[in-house]
Structures are given as C-alpha cells and as structure tokens.
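Order of writing sets the labels: A, B, C and D. Residues in every chain begin at 1.
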Amino acid sequence: MLAIAAAITLAVGCSQSEPPPFRLNMVEMVSQETSDDYQQEIADVLGALFGTPDEPVALEETGLDANMLARSAGPAWSDEKGVQRGLYRKHCVHCHGISGDGRGPTGRFLNPYPRDYRQGVFKFKGTYTANRPTTDDLHAILNNGIPGTAMPAFSLLPNSSVESLVEYVKYLSMRGQLETALISYVYDELGEDDDGGRIPLDPAADPEQREIVLELLAEIVEDWEAAEQRTIAPDESQIPSDDRTPEEIVASVAKGQQLYHGKEANCYTCHGPTALGDGQQNEWDEWQKVQQKFLEETNRLAKSIQERASQDDQDESSEARLEEDKQTLAKRQEVVDTFYPIRHAIPRNLRQAFYRGGQRRLDIFWRISAGIAGTPMPGSGPASPGATANLSDEEIWNLVDYVMSLPYEPPSRSQEAIVPNKDEIF
Amino acid sequence: MNRFWGFLFFLVPVGGVATFAAAPYFNIWLPRDISEHGHAIDHLFFFILWLTGVVFIVTELVLFYFMWKYDAKANKKPAKFTHGSHSLEVVWTIVPAVTLLFIAIYQMDAWASAKMRPPLIPGTEEMISPTVEVTGRQFNWDFRYPGPDNELYTQDDIFRTDGKLYLPVGEKVLLRITSADVLHSFFLPNMRIKQDVVPGMEQSMWFKAKEKGGYDIVCAELCGWGHYKMKGRVFFLSRAEFDEKLEAMRLEQNTMRVAALDEED
Amino acid sequence: MSTNSGDHADHTHASGFLRTYVFSLDHKIIGMQFLFSTLIWFFIGGMLALGIRWQLAYPWAPMPLIGNLLAGPEGGQIAPENYTMLVTMHATVMIFFVIIPILAGAFGNFLIPLMIGAEDMAVPVLNMLSYWFMWPAFGIIGLSFFVEGGAAQGGWTSYPPLSVITAAAPGSLNGQTLWLIGVTFVGIASMMGSINYMTTIIQMRAPGMTMFRLPMTVWAMFITALLQAFALPVLTAAGFMQLGDRMLGTGFFLAEGATANNSPMASGGGQPLLWQHLFWFYSHPAVYIMILPAMGMVSDIISCFARKPLFGYKPMVYSISGIAGLGFIVWGHHMFVSGMNPALGMTFMVSTMMIALPSAIKTFNWMGTLWGGQIQYTTPMLFALSFVSMFIIGGLSGIFMAATPVDIFIHDTYFIVAHFHYVLFSGTAMAVFGGIYYWYPKMFGRMMNDSWGKIHFTLTFILLNCVFYPMHILGMTGFPRRLADPYQYETFQNLLPLNQFMSLCALLLVASQIIFFVNFFGSMFFGARSGRNPWHSNGLEWQAPSPPGHGNFDFQPVIHRGPYEYNSPEVEGDYYPQTQPPPEIKE
Amino acid sequence: MNLVTLPTGCCIRFAALGLALLVVAGCQRAEQLGPVAEASSAERIREAFGATVIEGVEEDASTETVVAGWGSLRGRFVFEGQPPPAESISITKDPEYCGKHDLKEETVTVSADGGLANAFVFLNPKRGETVAVHPDYDQPGIKPIILNNQGCRFEPHALVVYTAQPLEIRNSDPGVGHNTNGQTLGKNAKFNDMVSNQAPVTKKFGKSESQPAEIACSIHPWMKAYVLIRENPYMVVSTADGSFEIKNMPAGEHEFIFWHEAVKSLRGISVGGAETSNKGKVKLTIPADGELDLGEINVPSAALGG
C-alpha cells in the first residue's frame, strides 16, 4: 500500500512538467534598476518577437530560417512530420542552458564555463574584434569542437543539423542582445514621465515604441549580416610562400620570437616568457567582468548602507534613501547568489600542440590580428578595415611561425602548465 | 495447476533459445566484422555460445524433467534416500574441468595475436611506426597524424579534433593511444578491438581492416558526464585515397588564405 | 514470548523498550533490523534503476517520477551527469546497502545461532555495532544526493582519475568523498559481523553439532565471513588512499601531471591501474560474498522441499571452500582490457575458468537432490528452483567474459550487465525472496500468504527474464553500458524499441514487488499462526519456538545428525529432526 | 507479537521518510529569478508588430529647430563631508617603471578646497530630437581628443568625445606595453588594441553612448579611464577644482544628466533649486545669450556611496 500511495503521489505530483521558459538577464535588469513591471513587459516583448523555447518565432526582420529554428527548438527527440526536432535540447542545453546563457545544469562544473551567447560576443572567429562571427565561424566551432574545453565536435551530425544549430545559436544571441538593448532603452528613455506617472513599455499600444523596438532589433540583425563581409583576409603580398626553405622558416621563427618578447606585440606579458601562460593573470574576460563589477558594486552598497545605518543623525530624506538602498541591495543579493564562482581569464599555454580556436595557420593569424573578443587578448592587426595596425601582416606571420614552433622546442613535452586560479576551480 | 510449475520452467530454455534464434532477423547481432583478426574472436564467441548453449539447454531440460516427474502431487513413489554418488561427483568434476581448461587454452592464441604480437618492421624487433596517435579527452577523440616526415611529435604533425579518423585499408596499422585526462576506452565494434586508454601510459593497438567504409568509434569506459558524447568515426580508405586525405588535411592545416576556405567542404 | 526469555536471558537482559528493540543485543532483532533497512534501500535502489531505464527508453524526455532531483532545471530532462549518478548509486545501493547486508547481516544474524544451537552471537555488542555502523553509511550516502554536484558519479568501481580529480566530474566534487566514507563504514560493519560469525560458528556449536553436520547456509556464511575478513582490509586501505589523493594531495592513483577539466596538475607519480587491482582484489571475492550465502540457503530449501537429503553434501562444502580459495586469484579478469600486462591476462583466464568449476558442481548437486524426490511447490521452493535455473544462465554467460579474446569485444557492454544481473538479481535476490518466505514463520511466528507468494513469484520470474535476458543480445551488438544516450550512434539506433520493451517490463517488475511488500507486512498481523516447524524441516532452527525468545531454545539442543535426513529409513515420517535421538537410543 | 510491531513501525516510518524525500526532491521546480513572458500579451504584441512595417535604421530627419540664442552652463562640484584618503595602488606589473610614479586610487578625487573632479554633466536630448550645434564646435579640421597611456595611468582620467572628433590613443610610456580595452562600449564598436610607443591608435565613433564607458588596460588592471561619447558636444567633465562649464548651448529647457564613476548617475543632489532624479536627470533652462550659473553643487559623501 505504501508503494502504491507513493506511486500515486509521485505520478500526480510531478507527471506534468510544463515546458521550460526563457530566463531573463537578471544581471542587466538589476544593475539597470529595471522595475518588476518593466521586467514583465520586456519578457512579453521578447516573447512576441522570439517566441518560446518550444515555439521559436522567426520574424523576417531577423532573417532567421523558421524551419531550422523549428528543428533545433522543442523537446529533445520530439518528431514533427518526420522531422527530428529538439536538436538543441538533445545536444547543447545541458551546458549552454535553455536561454543560451551558459547556465545549463552541467555548466557550473565546467572549466572554462560554457559560452553565454546573449552578448553576441564569440571568441573564435575570423572577423574583426567588434564584429559578430560569420556562419562559417560558428560552423567550424561545431565541426571541430574546442580542444582543451568540454566542447565536443559535432562534425558527425548531418550537416543540416549543424546548420540548424548554428541558426539557433544566432537566434539565442539576437534574443539576448535585444533584451539588453530593451533594458537600456527602458532605462534611458522610459521610467517616470514629467508628472511622475510610469510610461509602460507596450509596443502594441504605442506605435512609436514599435518603431524603436524594431530599430533596436534591426541594428542587431544588421551587425550579424554585416559580419559575413567582415572576415579578415591576410594581405596576399605578405603571406609566406608554401615552399620556404628551412633557413627562411628559422629566420621567421627568430623574428617571431623577438616580437613575442618585444614591446610592440607584448605577448610575453600575459603568456609569460616561457609561453606557458603564466604571465599576467589577474584580469577577467568580459563575461566574468560583468559579474565581478556587479559583485563589487553590491558589496560597496552593502558597506555604505552599514555605515549610514550606524550614524544616528538622519533626516527623513536620507532615511528614505537608506530604505530604498536596502531594497536595491536585497535585489542585487538575489542575483549574486545565482553566480557561479568568478574565475580569472588565464592566458593560453602555448606549448600544447592544439589550439582552441582551430589548428590552421590562418586561425592563429586571426587570433593575433584581431585579438580574442571578450577576453584581455588585444588585437595587433587593424581593428577595422584600413585602420592603423600595431603589427604588419608579415610580423604577425612571423609570430604565427614562432607560436606554432613552441610546442616542439624543449621543455614542451613535459607540458608543465601553471594553473594559477587553483582556488577558483571548485 | 498440476505440473504448471514444471512447464513454467520449461519456458526458460525455449524462450532463451528463441531469443537468440530471432535476434539476427531483427539485426540485433554481432556487428559486421571487417577486421583481419575479428573472425578468430567471432569464432571463439560462437564456439562458446554453442557449447554453453548445449549445456544450458540440457541442464534446463533436466531441471524441467525432474520438476515435472518428481512433482509430489503426481509422483507417488517415495523419495530416494541417498546422500549422493561418488562416481557421479568425479564425472561431473572432471568433465567440466577438462572442457573449461580446453576453452582457456583454445583462446590463448587469439589473445596473444590481439594484444601481444605488435606488427614489427620485417627482420627487426621494433614496432612499425604508428599511423596515428589517438588521444581521448573529455569529451572527444583527438587524432594526430605524423605528417610527411612520418614521425610523431614533430612540427609537421597534423592535428584533428573533428572526431573523424582516417586509416588505410588492407594493411596493418599501429595506433598509439593515450588519454589527456581520465580513463577512456577506444572501442571499434566492427574491428572487434577495445583498449582502455590510461593517462600517463604509452599504449599501442594494431589491426588490419579488410573493407573500406566508415565505422563507429565508441568510448567504452565511463569518463564523466559526457561519456556518451565521445562519438567518433573511423574511415578506411585505400592507400592512395588515404595519402590524398593526409595531404588534404596537411594543406588545410597550413591554410593561410581566406579564399582557400571556400573550397573546403 | 518475552515470558520464556526470562530463564534464558542471562547475557541479554530484556530491559526497556529501547534496549529490547532498538539497541538490542539479540541477534534476531539485529537480523530483522538489517532486513527492514535493506528492504527500504531495495526500494530506493529500484527507483534509481527505473530512472536509468527511463533515460534508456526515452532519452532526454522529461523525467516524470524522480523528476528534478535527477533532472536538470531545463524542462526536467535527466542531466547527463545525473544519469551517471543514477548508474553509480543504483549499483552502490544495491551492492553495499542491499545484497551484502541482507545476506550476511539479516540472514546471517538471524540464522547462524539458531542453526548451530547457540543462544546468541559470540559477541552480542559487536553484533549490535555491526548494525549501527551501517547507519552513518546510510546517512552519508543519502546526504550525498543533495551536496553540490550530487552523489558520486565515477561508477560503483569509482576508477581514478575520474573519481580522484575533483574537477573531473560534478559527482567527484563532494559526492565521491562521501561515497568513500560511506563505503568505509559499510566495510567496518561487515568486518565486525564477519569476525563475530567466524567466532560463533567455531566456538558456540551445540553438543554434537560437528562441522560436517552444519547446514549449507552456515557453511556458506562461514566462508563468506572468511572472505570478508581477508578481502575487506584491502578495500578499506584503498579507500583511504583514494581519500588521500582527493583531500591530502597524495598521488597513489594519479600519473604525473594528471589533470582533467583544466584542473591544477597533480604532482602525481602514481598509477590509475593500482586502484583497479586493489579494488577488484576486494570486489571479486565480494562477488562471492554476494552469492555464496544465497547458494547455502537454496541448498537448505531445495533439500527440505524435495524431501530428500542434499545430494553430495561434502562436495558442496569442498566446492564452496574452493571458491573461497580461487576467489582471491581471479580479480584480474575484470581488467583484461585495462592496459594491464596481457601476459597476466592468460593466467587470470585460466584461474577464472577454474572458478567456474565449483559452481558447476553445486548446480549438478542441486539437480541430483531433485532427482527422485517428492517436490513440494511451495513459494520458497519455487524461488529456490528459479535460483538454480537462473544461476545456470548467469554462470554460463560468465564463461564468455572469462575468455580473454571474446572479452575484448564484450567488455563493458550490456553482456556484462546481463551477466551480473542474472547472478545478483535473478540469483541472489530470488534466493533472498525464497529465504524470506521460508524463514518468515520463524521470524514472526506467522506464515506469509502462499497464493499471493506464488503470484509474486510468477510475475517476478517472467518479468525479470524479459528485462535481463535481452541484455545478452544487446551486449552482442556492442551496446556499451553507462551511456546516457547510446542512440547517438547509428549502430545502436535500432535497439531503441527493444530497450523500451525492457524498460516497460522493468517498471512492471518493480510494481509487482508491491505484492511482496504488502504480503510481507500484512502477514505480520494477519498471517496464519505457524507452529514451530511448519515445513516439517529437519533444521535445528525449526526446533526452537516461533518466534524464538531470548536465548533461542527452550531446551538444551543435542545434535545427532546432519540437517538433511529426509525420508530416512530409520524413522517413519518423511523428516528426522537433528535433535531427535536415534531409535536405538530411545529404548 | 510486539516483537514485530516495533521493527514494522519504524520500517514504515523509514519508508515514508524515504518516499517523502523522493516526492519533495522529485517535484521541486527549478527556482528561477525574474518573470516569464505571458503567452497572451506576447501574442497581442506580436500581432501589433505584424501590422507595422520597418523603415530600417536611418534616423528620420527631424525638423530643424530655430535657435532662440546661445547660452552657457557653469558650476562647481563640491564634495561634502570627509573625502576618502586616496589609497595608493599596488603595482602588480612592470614595477620597475610604474613603481616610480606613486599611483593613487582615482575614483573619488577631491581638491584641497573640496572641489570634486571627474564628474560628468551632459545634455540628454529626447530620442529623435536633434540639438542645434553651435558653429564653434564644428570647425573643419577639428583636432582629435588625446587619451594617453602615461605613467601607467590614463591621462586624462575622464574625458568626453564629440562624435565629430576622433579619439587618439597614445602610449608615451617608453618600453612599457599597454593595450586599451574598450569592450564596455554599448552602441559603438568595441575595441581592444595593442598601443605601442610608435603607433598611436585613432578611433572614430558614430553613435551616442547613454553613459560614460570604462576604458581599461588588461596588462595593468588598475588603469581605468571613463570616456563619454555623444553625438552632440554639450557635455563636460569637472576639472581638478570641481568646476565645469558648457559653452554655446541652444537656449531653452534641456534635460541634463549628472554622472560620477563612483555611483554612475548622481541621484538626489540639488542642482539650481531642482533635485536630480534617481537617474541623475534634471531639467535646466539655459538663458539666451546669457549663462546659467549653478554655483556650488554640493555632493554629499553619501551620494557617492561613501
């Protein structure tokens, strides 16, 4: 009878699990003091423009392919008219999370953490720092995985599936970007009107808001479309020829070594004189930096609240403000509690034979030329077409030669890597 | 109810045999063997399968017969009062002992050739140089080809992380296998070959494929949450195609022009 | 019954409720405490198994039952790390919290003194501790589900480096530490038990109870105790070494520079295979710890209900001892493809083939016992017979694994899963059911309902074969174990329907155990009262009152013969209790 | 009989407990911050969007406003209370060079007579509304704003960039590598460039940032600068003595934002009689051909989170 009772309770209690919703970007929301009403309204607008994890919407403004999204979205293994759906929830969701915020159940235990798509910033791409990745860039990541991380290769999936997933990643990025844009739009231009009333974010009612929202969206989409033309093409004239004599190569490597330790390229400051990645290590990448700043501000607020509370000479205005701040603090604390341990960005150990962003010489060139978006790694090439460059293509190719020779010069085989953020890994 | 139990137990040999008889028709059977040594293993498998199968059927039938015959409800003969038979004990100790010993010895050659006789350079005592180094990591199989100089751990090595392994068909290949983090197990069902990879241990495995085509690479040792993600595929190509592929991969790794990307896949 | 306990309660004074029933020194109470605890864990373990079957039948579909505990926040899918947790904890719970304690703890405790005519265990306090040392283990393992990262996920074998490098798997973060501590407690508990059993069996036999008049159950318990006493220290030591590697930065099981998930590199200097050797040096004997007592109990039941002496009593004893001896030199057959020197593989193959022999002998002897008997199909008998029938399958499938070249292919596939489930569930668990039905009257003075018992048996017998038998052919396809989503591989995609069928049967199998639970608890209150000896069995325990009071016997038992003299020509009537004096002595 | 009651009882209790555990754990919903889109309202909004057609991003040219005249805005920030002591920074990189210039924490910089430096004041026109720009600002060949890596700090610490002006990033620390990391930019293109002594990097921006963005140097993590990029020139950073002046603004009522890096928007400080909103906003009227002098603007330490 015991077991029967149990079975019934369980069955009734939890058999119906409603489809998972998109999570909001609470860090942005709270740091931009978005009120609960606005949060709800933003959620609704996003719901209108992008739908839900189960029924994604592909507005033609976004230029996303509805069928591809349909294939990626939805519950895993769900099948609609003979078409496999739910690819994302079958292959990706455990780490990258339902909203693409890198907060899937497994994500917290990975080092590095899974990518948060919502800023539209991706590290390994062939375009300039400020640009989005091209479809091919994302495709390449899915095909080759990211060695040195928990990201496996998906090259064995049918090409169509990989394409659908790429499309879905873009979809999640755009959604996240629009969310951020809406938040700052609300902060900058809505809020109380002159006589203290609240201006709701309701595009349905207000054609002007519709206009604006579509503009924000259009800017985001434009970036993504522009990226396809922003791939960095090395200068033909300076590309080393394929049939170089060993002497030439050695010379180039030597040049690269000089640059590596020199003040122009400055590689050694972070990757260390030994190239084991043991140089500058107390910076954060942008994803962690946002949280780090949020954390610091929260602590500062807490501190000042303490101090002010301790003072007894309080006029009612400062009293009121203290109360206000206390509520803000409570909100911020809630968000802080959801953080994973914040980790420093660790420069790559260059003496391992594999490279996270791809094994091709071109990949290394891109990393050095454009830097790695979202990380402390600066670009040494032009920051945009025709802009001034810190290093010439030729110099960058020398660096490429040097970097690719590093794993094979002693003491590389004993890949004695220093991991400084010991205390940060769990 | 009478003698129902005997018949219930009769279902065991019937069902057991039926399952194995039916399985091939649902294509639930040993995967197609494309390796040179595989048939030896399959042969041994089926040898044991038949042997144990016979023992299984006989014993289960005997059990059924006894249960049916000596059912107290039906069998009015008083029970025999016996403490056993020495000669019988001797028989059913010696016979299985000999059989088992025979099986053991019968296996040894196949085992030795699979695990103890690496392909050697003719006339020497040293192994042939490895065709590829396989590295298991959480959660992917990474492959490293020696490149033109046919020597691993030099700068012209070709490093692939896309989980696709290319090997020449019809010749003995030597794989150096290792792990970057935890235990994995490099398992090629169609090659009848499996070897755990242990971090810090240099291990090799070798085989010869008889047929071209693509086959699964499976990880057969629990390696963490993503164990199931460690899917790879091995493609056996003719020597010519293989060299071509190697060259293509080398060129891709040396890509320096964006234009070159468009030709790729 | 506490009335007649007065004159015998010389070493266990029935003083107060707590003293009598909770911190009791009475081996029967302790035995039943073991029984109840293990039955609860049996239920939990079954739930975990259902979780596994769910994922295998409907990969990534929202998990309805155990739900978000195992399923991530993303729509109730079982997160992959939680699948490995399910696999690990199902095995851990079933092995360390169910099978080992229910055999040695529950039946060993309850039966040994009764069967050898002792008033209690040699060291009752130690006996009580052996139970209460299980509780820290219960608590810790239960807790480990709720720590950050969840319970252990390294498989019940918890191979390093996965289990040692804390960053390697979520479960290695905290769960693994708790797992090791928990298992250590289990080890201490069974160590206490085994010492007690050996002492008791050697020292406290009733007059006339020579070693070769002991029932097979007692022999099995004796050998089991020996195995535990010799094997456990190794596991405990290994466990502490792994704890050291995890917490103190030692490097027994880590190669130099070992790292995973970009964790700091280990100073290393150790060898992951060392753990496997140490672990299996315990765990292979442990496999016999998990089956020998069952064999013993089955021998008793079969002989009783075939109304016929056990065929080849001494060969049985010798073969058990043989298993005990050989059991220590076959551990390597778990490591054929582990990277261990292949030459070792050969020797281990031979010794492994040889250890199949004693099991064969026992099977044949059980057959011989049935031959020409008067078989009564009571529920315990049916379970005992099914043990024989299923053990044949489990034993034979073992030969495949023992053959090294074949093992290359089927190692770590579902073939091995089929094998040990046939030995442990279809084997041991069925014997345990049989044992419960058989000795229940002795435990509670009431009979369990026989027709419900038979329904329970029929369902279990059919369903378990539907669940476990197909695993053999799954194994033949190379279907690997512990894979959260095997259907990623095209090769295995056609196995989905079969797996769904198996999962369905697994669900029904678990459900049909409800009948047993109801019958078990219901009969305590509503079962027909049983006399001292409802089965007309010879065993000494059946001469004691049911349930026996403190000190067990209300007379001083004197033993005249072995326990299997059924249908002896010396007496009319088909049984001949061990205590009944021979006729000539009577006049 | 009672031999069995207890074990039975406790057994049932254990089982119940175990089940309760499962049920509780099983049914717990994953807790989640923030609201979830409501299907109905989402649907409503989507239909509304279906009705509109998008006109791309180009600003619809708004009607040219006739300027009633030009006025200016001046004032001085005064820090009220005990200014925090300027803590010196621990040099983790290039100590041999950076160590020489004993570097101080610059978040709250107060002059001897209490002037608060590095506070931003800028005009915040409504979306779409274009502000008339006084000819003085748009002379051809307008010279670039300099952001200099000097003595392991950014010089200046806070600056304003009118989109008509290029921003030139220099590195005048001989033999010290600096990179300039502008990845917190919102509307404009993020950048992160190596800056060597020889080759200054020049940036041109097109859009208004809604508030000053932080510029960092990854190599020397203590290095911070705050740059405000706007499409109109009416913005200023208070000087070392806390004073500021914006010249040649179109007369009339405008919305201004008061901002300081310590707390972002300066809320609840009284400016020319009015009080800044919690977004640091206040409306001020610029007199034609005159100036609006806000006098001393008191910034209590509390307003700077002190």
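Here is the rule we use: contacts are C-beta pairs under 8 Å (C-beta built on N, C-alpha and C of every residue); 3 or more make two chains touch, one makes a residue touch a chain.
Small disclaimer: the values here were computed from a predicted structure and weren't measured.
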| item | value |
| --- | --- |
| For chain A and chain B, chains touching each | C |
| Most centrally placed chain, judged by C-alpha centres | A |
| Distance from the mean Cα position of chain C to that of chain B, given in whole angstrom | 30 |
| Approximate Å spacing (C-alpha centroids) for the pair chain C, chain D | 67 |
| Distance from chain D to chain A - Cα centre to Cα centre, in angstrom | 21 |
| Averaged-CA centre spacing for the pair chain C and chain A, given as whole angstrom | 50 |
| Multi-chain contact sites of chain A, meaning residues that touch two or more partners | 2, 10, 14, 94, 106, 109, 150 |
| Residues within chain B bordering two or more other chains | 138, 225-226, 229, 231 |
| Overlap residues in chain D, where contacts from two or more other chains coincide | 12, 15, 22, 26-27, 32 |
| Chain A - residues contacting chain C, complex | 1-4, 7, 10-11, 14-15, 17, 19-20, 53, 75-77, 86, 89-90, 93-94, 97-98, 104-106, 108-112, 148-150, 414-417, 419, 422, 425-426 |
| Residues of chain A touching chain D in the complex | 2, 5-6, 9-10, 13-14, 21-24, 26, 29, 33, 36, 39-40, 43-49, 51-52, 57, 59, 61, 121, 129-130, 184, 187-189, 191-192, 202-205, 207, 210-215, 218-219, 222, 263-266, 269-270, 280, 282-283, 286, 300-301, 304, 307-308, 317-318, 321, 334-335, 338, 371, 373-374, 376-380, 383-384, 387-391 |
| Of all residues in chain A, those that touch chain B in their complex | 94, 106, 109, 126, 136, 143-145, 147, 150, 152-153, 155-156, 231-234, 236, 239-240, 242, 353-354, 359-362, 365, 397, 404-405, 407-408, 413 |
| In the complex with chain B, residue positions of chain C that touch it | 79-81, 83-84, 87, 153-155, 159-162, 165, 168-170, 255-261, 268, 271-273, 306-313, 315, 337-339, 342-343, 345-346, 349-350, 353-354, 356-357, 360-361, 363-365, 367-368, 370-377, 382, 385-386, 388-389, 392-393, 396-397, 399-400, 402-406, 408-409, 411-413, 458, 461-462, 465, 469-470, 472-474, 476-478, 480, 482-486, 488-491, 494-495, 498, 566-569, 574 |
| In the complex with chain C, residue positions of chain B that touch it | 5, 8-9, 11-12, 15-16, 19-20, 23, 26-31, 40-41, 44-45, 48-49, 52, 55-56, 59-60, 62-63, 66-67, 70-72, 75, 77-85, 88-89, 92-93, 96-97, 100-101, 103-104, 107-108, 110-112, 114-116, 138, 181-183, 185, 187, 189, 192-201, 203, 216, 218-229, 231 |
